[in-house]
Amino acid sequence: MAMYKVVANVEVALDGVQNGMTFMLGGFGLCGIPENAIAELVRRRINGVTCISNNAGVDDFGLGLLLHNRQIKKMISSYVGENDEFERQMLSGELEVDLIPQGSLAERCRAGGAGIPAFYTPAGYGTEVAEGKEVREFNGKPHILESALTADFAFVKAWKGDTAGNLIYKATARNFNPMMAMAGKITVAEVEELVPAGELDPNQIHTPGIFVQRIFKGVNYEKRIEQRTVRQRG
Amino acid sequence: MALNKTQIAQRIAREVKDGQYVNLGIGIPTLVANYIPDGINVEFQSENGILGMGPFPFEGEEDADLINAGKQTVTLEKGAVLFDSATSFAMIRGQHVQLTILGAMEVSERGDIANWKIPGRMVKGMGGAMDLVASADNIIVAMMHANKAGESKILKECTLPLTGVNCVKKIVTDLAVLDVLPQGGFKLIERAPGVSVEEIKNATQGKLTIEGDIPEMVF
Amino acid sequence: MALNKTQIAQRIAREVKDGQYVNLGIGIPTLVANYIPDGINVEFQSENGILGMGPFPFEGEEDADLINAGKQTVTLEKGAVLFDSATSFAMIRGQHVQLTILGAMEVSERGDIANWKIPGRMVKGMGGAMDLVASADNIIVAMMHANKAGESKILKECTLPLTGVNCVKKIVTDLAVLDVLPQGGFKLIERAPGVSVEEIKNATQGKLTIEGDIPEMVF
Amino acid sequence: MAMYKVVANVEVALDGVQNGMTFMLGGFGLCGIPENAIAELVRRRINGVTCISNNAGVDDFGLGLLLHNRQIKKMISSYVGENDEFERQMLSGELEVDLIPQGSLAERCRAGGAGIPAFYTPAGYGTEVAEGKEVREFNGKPHILESALTADFAFVKAWKGDTAGNLIYKATARNFNPMMAMAGKITVAEVEELVPAGELDPNQIHTPGIFVQRIFKGVNYEKRIEQRTVRQRG
């Protein structure tokens, strides 16, 4: 009785994406980003979009590719330090930017998926992040009211997935992917390995298939490393 | 002589208590992991989803799917656990991570910190810093006492956009260890080897309390 | 003749659409799972932490660690997934579970439902019902049209403490299928085999709209 | 460098429990309840306590044992239908009871552990659950403000645990345990199997050890089934 969420490829998976939409994209830095979906957005020249993503990629990879083509109207992120073109577009006013604390970003996506329209957090109180937001004290400590985030499409990347849309991520490539999967009106999951429903241990799934509308096996993952740090043997 | 970055990290490492979960920011704080005293068990949290973060991998063993919050390839200690960003910040916001060590551009007398933005010039974003400073019970800042022009970064009031208010508990700079007093103002705790109290006084714009003899750090 | 419980479940099963995630309440709703038409793929959610709930286990294969929200031993379908209560209600509150089928003591003209408490007499608690009725896009109620004393449970206003307001979309009783109209009031959709419109009218206290010929259910 | 959270037995694990405290207890019905901790609370006759637990056990097992001894002053639960003694004590006014929607209960525990002091939910709007609570509209739909729950001790039960306090639950015995583990000032985990740190897959842990202060291997699990339902072979 399991659902069948598999689509043939990234072209089909992105059916319905349009200019001006809001997208969520999983990943932290270049780790766990939906490389196939990003490439397809670039190929289709979808523009005027709002992207909710912790980072903005680097100049020539990840969301940096969309930035380079001026496809992004607005970014909602927490840290964009690895991208010169981003900083240039932002400082020149070409790009709208909403920078928000990383924990609030994660929680706002989860809230969007979980039907929680708003919640209070201490993060950002007393800073410009709090401007225009309600402040309320709980247990003697000031908190600000943050609202849920949702998206027309959420693009997530997992390690393994099954035909019912259940997902398992690998290591720190998990990051924002599970919350964004929850918050997409249409959530598109690309996976490195796609297996029949029933092959994944039901007790060990990170994202239940109910949050995923379309799934496909991604190709040609580059998985670029931003900071290759090593230690010497011995 | 003023401390170098390694020495700042070494000095901060002495503040870490047995059994603590610790979040280390990018830069000098990352080095603290190398100097935890023997017999002190701590676990390092990386806000992108690791508890029990280990050292860099051996060459050839890097895994693109296993990085820290500074986007560096890392490894896992025994007993480590991986999780998503919402769970990570649940740990932070819920005060389960007891100690946060991070860098700063400015700190004020009442423990305000600025470290994420220079208007019109540098905007990298706050990342997880705002959640961390709004939450951790203990926040230690690693920073230079003054900027390259010799201007103090230990201030009466921060001039840059704030990351958090009333949160920094201790500062370790190249010149000194300072406590931020609950009622506001800094208290000189230790001085770098060969650095005089006068020197520190001159390099500190915020109100500085000096009581009795100020010991010199020993390395 | 009025429907029995099995027939109520059978009739409700026809409302389930292909591809839906469905939460079934305790009692009659649980039986709906047995009558899903061929070619209709659905997954059942149990709010204690299952998606893809299967039938009861074979004797000897019961697992105390695998129960449904009614505390009954169950099994998993292929592709099932297990999760905690917060995630479960994230699915429900976030409207990912599209259809909720549950029992009721009373339903009102504007779709209010009461099913968790009889003041001073019966207080079992609401369990997940308040989250479910506040959230699901489509809510179908399975209930008896009248109580044992013959008093209508399809009312102008509920008399018992409410579980949720303005939420029920459809009711299947032993006598009829009723829609709750967006503007308030009930609309008669079908009648049980051999049950007259007049009978249903008499058993319904709330405002009942009857348009044209009312078809009889076929089993 | 992993933490070592192991204590010898349930007696040591409950060091510091006192009359009048607030406890959280994992479990749904009798599934996944901390049987050893409950037995020890009964043995010690700890009384006047507030228990936060989805259910109240049955008359002669689970929290029913504490109810029977009048050890509980107040229950915060969502469903208590399987316990006659509970209903009797509640209707007679001997027991204070706060009944809250199951999803709100789960989310309030999570919020308590996650440093979210309050959040908005649609559950309970228009019912007596909403009495005295702030109502606010989001996207045209009324929501009520619910606050975080925490406890002096959280007692949770897991399937496997390691010496660093990391936990894996089995099937639907997971239920409220992970959120309650987050929300206890002191969280005590009892496990069926206790292994050295490093033996559990770091990618497959349900409760990170940071949420657990004490862990021990439980004994004599009864795992009673409330409704043994089966189907015929053939």
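Lettered A, B, C and D in written order, each chain numbered from 1.
In this text, contacts are C-beta pairs under 8 Å (C-beta built on N, C-alpha and C of every residue); 3 or more make two chains touch, one makes a residue touch a chain.
This one's a predicted model, so the numbers in the text were calculated from it and none came from an experiment.
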item	value
Intersection of contact partners for subunit B and subunit D	A
Furthest chain, CA centroid comparison against subunit D	B
Higher-contact pair (C-beta pairs counted), A-C versus A-B	A-B
Rounded Å distance, subunit A centre to subunit D centre (Cα mean)	32
Inter-chain centre distance, subunit A versus subunit C - centres from mean C-alpha coordinates, in Å	36
For subunit A paired with subunit B, centre-to-centre distance based on mean C-alpha positions, whole Å	28
Geometric centre distance via CA averages, subunit C-subunit B, whole Å	56
Sites on subunit A at which at least two other chains make contact	107, 110, 114-116, 121-122, 169-171, 202-203
Junction residues of subunit C - those touching two or more other chains	82-83, 89, 92-93, 135
Chain contact graph, described as a line, ring, star, complete graph or other shape	other
Interchain pairs in contact, sorted by label	A-B, A-C, A-D, B-D, C-D
Contact footprint of subunit A on subunit C as seen in their complex	19, 21, 36, 41-43, 45, 51-52, 76-83, 87, 89-97, 135
Partner subunit C, residues of subunit D touching it in the complex	28-32, 54, 77-82, 87, 90-91, 97, 99-107, 109-110, 121-129, 159, 169-179, 206, 223-233
Of subunit D, residues touching subunit B in the complex	1-4, 110, 112-116, 162-164, 166, 182, 196-198, 202-203, 205, 208-211
Subunit A - residues contacting subunit D, complex	107, 111, 114-122, 136, 138-139, 143, 147, 168-171, 202-204
Subunit C residues touching subunit D - in the complex, by the definition given at the top	46-50, 55-59, 61-74, 82-86, 88-89, 92-93, 112, 120-131, 134-135, 161-166
